[in-house]
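Scrolling down, you'll hit the structures one after another.
What follows is a pair of complexes built around chain A, which joins chain B in one and chain C in the other.
== the complex of A and B ==
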């Protein structure tokens, strides 16, 4: 699911800027049109609005049906004790929220989510940037290397998860077999069975899976850095390092910040990989908010608790998204409008 | 201009709301008006969705159709899919969506179904069949009314690899060993460099079976029943059961990485390790030969499989003849026509159950069919099951998904070394109280 969101966002982001540009232009044109004034202007205004409505309404209706209604239902559900059958009658107020927020498993899951958010950025940002800079140089096998880096991201998450699960099998898995061949030994309980190692192992798999996205985005961003700047720097005798530090990375800023946003949202919603690798175990060492609510909802029919957990997840995600927009992404939007 | 804007906005909002309302109406309607009185067609959901089992059920449906003229619409689904769809159908509350005859697992789930009135009372309508299989209807009875007809009832025990046991020098395997004898097997296997037991603790329930069975051994049947009834798990026998499991874990008999091992999926699951001769035994239900057969290269049930009961403990308060297991039963939904009851009864008939037994689809409940079980390993379970003791349902099913889930979580923590006997009891107690 996270994949769909990210890909569509990636596709959308380059497209949005020209659209915004166009909107800006029309708004400049508009006063001139209405200056011509009269009823024709009013009519065309109305027509335009009707037109907009005509095209937007289906999307709005679908959005309402598949986003707003489910959110409202989740909120409603979270106020009841409900086993999944029959009408909602057993109103319990905020009790479900209390039990979710006081549950060690849920608070543990929140911590795991936050750890994954920060580690993802901490690991993938420098690594992705380094690989992108490397792959941006003209060299032999460049496109082959780019493809290889991107392949894990294209693989379906479930498929990748199952493959890693087999690789990580204690004793009989490929990884332990290789370690054994060089005289080392994997952890006694296996990489995923040890409560201290499981989250780290999941993190490694996630990095492998999502590094490709970071690299491809950064590479795309690198294409947008004007060639002239490099030439000017070269004329001034700047070293390769200086060029990267003073020109490439600052100009890559918007891309980096957008990627950080996508990565953060993906980490908060993390479910599939964890579900396949560990089911949130061992001893809840890798649980995430999403595994918690699936566990409570579909596995245990505690739909009220699951509803409350989903609302909490929604609020946390919304809060972090808004915070990120305000603190970090704003830098990209503000100066640009200022310049124009 | 502002007015146009506003009115346009109002129109937009209005139509969006109207569209939404229309969509929602479509979602909510349907339930009341339509009647499912179409007595000539019944729907049947089952989970034998492959091979011989599916063919047999199709044939039974055809036979019933020929006999009575009632059309049976059969939906054979993968087990988990069936559970999800069943839950969705019940949530819809729409008789058109709810199958007429479906599989019930009893326990807390059935209790919820009874409370919400979606399942039909069969006590009177199927009195003859119920009297035949009365030894097994207890788990499908709520307030002395029977809501499902159990057609298969299996018990859990240790499936073991006879070759590996022989290799480890274990010449005599008791069909119902004491815990000391059992530890003897473990030690000999260990000494021979064979991993004694596999357990799929990632899925929790395979690990939890150890605790359930210890409860059956340490607590008299009535103690467990009254604890569930009164939501009071303070009887010390529950603690004792946890201590037994701790002792077993302390012997370290399990496969490497058992906390991350799945139950039945693929060759690296607990069942897969047994099927591919990587471990010597596994605690599992009557489904194990079938599952193991699906995980070997030649897709045959391994002929090295033997079976013995869960060990007994010295000074245990539970009846040694009591077993832990579970079964599957046919339920009829409240909105179903009477023909559906006839069909459920038909499925329990001597002939239908005999065919069921001959194809090793489970352990039949109808006494006329019990000696028709073809597979020897499976047939071994029948005398133990019918040995006069009570069969306690898997406790997670018995307690219902909500309490059961909390219990399995706590038992999983014990296998990870992060919870003790008291923690499990506390988890059950608090989940039961908040239910």
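== the complex of A and C ==
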């Protein structure tokens, strides 16, 4: 699998990688050196293993108990009809998967998730990039500006959702009031009550909430572009726009691509905001895979169905992650140009 | 092409002049756009805070107006509401436990992954990397059953904090490992020459030196836990609820009391905002570390 791509991508920040390489090299020499010590070497090998175990065991135990076991249970549950009481006995094979995949509610939720994945990137990438490029200059109040832009991201989705819920109230909400003042009118059932508009409205709120993250990350990436490059380009008579297109954006590539990955994973698990704004309604117009799961699992106790939906969600997330690696992140593993 | 440009540039003299044109007319446009961005970003938040200073009658009459007169009743009502403080207390407890577990377990796991040479090291690291792909959502229903039925930890701080910590571990390990790797090898060699064991090195040298990295992952874990909704929603009831649950409840139970909802929500976001302002650099650094290619 292409996961080593993630490793280097996610883990190695440019500042640390040269050192890291050096450390790796020196430490490789060592086992050979200590292995010659015969019995003493055996002891120190054993000791080393015990130490490794001591350090890693707590994390692995926690991870195993609360991540691996539940996921395995989800797979197991998905093969049974189970209402949460008594042992798993009613084996139904793949029937839960059939019900999930043929359910209009679930396939609708998958479509909503995919729409959110693509629209998030299509809207936030150009908008975030434009804002980041504009703000990437010495200007008055720059640090205050960065702080402000990041505020929505730090708020809980619930807090942001509740505020927007009030803003979007039909008639009495401030948005409809402002529209009314300029002679327009909001939809009769409200922005979140209209099946045609609800998903778009949720999308607007999500953009408000997460655009700041994109801008901040892009700005941070832009700071990694050496200033000398700009000066050289200016000396060569390049226009601002040429500089951005030929220098800044290509050098920002890895940041953009990894941001896209995080954004995609986030969109696939979207729950909080939707649950606060619409609970997946009206008439399932904004349901996501996560709201489907919670509905089936905890509200209706259809644990088998919820398990199957979990597995489908996981497979979709994994498939898209691998696809993204292969199609997009792969470029970053090429030995890159002169980046530090 | 860019590689070549870079090479040329590294030869350029390092004395750098201030970029000319700091006050060009285009800057007016830039400041204008910056203002619009700020207005859209802060507008809803400020509207919510101001809404808390109005009465419902005011809000109904002129939704887009300012408080007139300013009313403190909504905020006083929330601040004298024992439930609000109970929820804040719970959020604090759950977040602190989550943060402590994540930081301690995370740095312990990252240490051998960063500084020991052993077979299966990369494989072990891969477990955590793949863990990044497991959204808590996928496991939420079995997690709910595991915690409430098998472990009998439903409706406890620990019952929420431990799984939250487990799902935060992959990101923590992935951020901490390169950080620990970057500490100079010489330190370790010097310590070994002085007869320090690896465990002694871990406690006496590595932990103090990796403070900034641990603060970063700690802040990320704390904010994540403070804002979490899905897991607490399933696991906590009654007096054990956290602030996000309180906000959601208040907004649906007092749906007609818009001003009260604004006041409650505004007060609920203050701790996260203060924490964020104090720790802004760390949060951004952490996220940046996770994203930089």
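Rule of thumb we're sticking to: the second predicted complex is superposed on the first by the 281 of 340 C-alpha atoms of A that agree within 3 Å, B and C clash if a C-alpha of one lies under 4 Å from a C-alpha of the other, contacts with A are read in each partner's own complex, and residues count from 1 in each chain.
What we mean here is this: a contact is a pair of C-beta atoms (placed from the backbone, for glycine too) under 8 Å apart; a residue touches a chain by one contact, two chains touch by 3 or more.
Nothing here was measured: the structure is a model prediction, and the numbers come from that model.
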Superposed model, chain A: greater residue contact from chain B or chain C: C
Contacts of A:84 with chain B and chain C, given as first, second, both or neither: both
First, second, both or neither for A:60, with chain B first and chain C second: both
First, second, both or neither for A:170, with chain B first and chain C second: first
First (chain B), second (chain C), both or neither touched by A:69: both
Chain B versus chain C as contact partner of A:126, first or second or both or neither: neither
Chain B versus chain C as contact partner of A:300, first or second or both or neither: first
Which superposed partner A:188 touches (first chain B, second chain C, both, neither): first
Partner chain(s) touched by A:134 [first = chain B, second = chain C, both, neither]: second
Shared contact residues on chain A - chain B and chain C: 49, 56, 60, 65, 69, 84, 165-166, 169, 172-173, 298
Footprint of chain A on chain B - complex, ascending: 1, 4-5, 8, 11-12, 15-16, 19-20, 23-24, 84, 87, 90-91, 93, 112-113, 115-118, 201-204, 255-261, 266, 268, 278, 400-402, 404-406, 409, 412-413, 416, 418, 434
Chain B-touching residues of chain A, taken from the complex the two chains share: 42, 45-46, 49-50, 53, 56-57, 60-61, 64-65, 69, 83-87, 99, 105, 165-166, 168-173, 188-195, 198, 277-279, 281-284, 295-296, 298-302
Touching residues on chain C, where the partner in the complex is chain A: 1-3, 5-10, 12, 16, 19, 22, 27, 30-31, 33-34, 37-38, 40-42, 44-45, 47-48, 51, 59-60, 62-64, 101, 104-106, 108-109, 111-113, 115-118, 122, 124-146, 162-163, 165-167, 169-170, 173-175, 177-179, 181-182, 184-185, 198-199, 202, 223, 226-230, 233-234, 243-245, 247-248, 251, 258, 261-262, 265, 268-269, 272-273, 276-277, 280, 283-284, 287-293
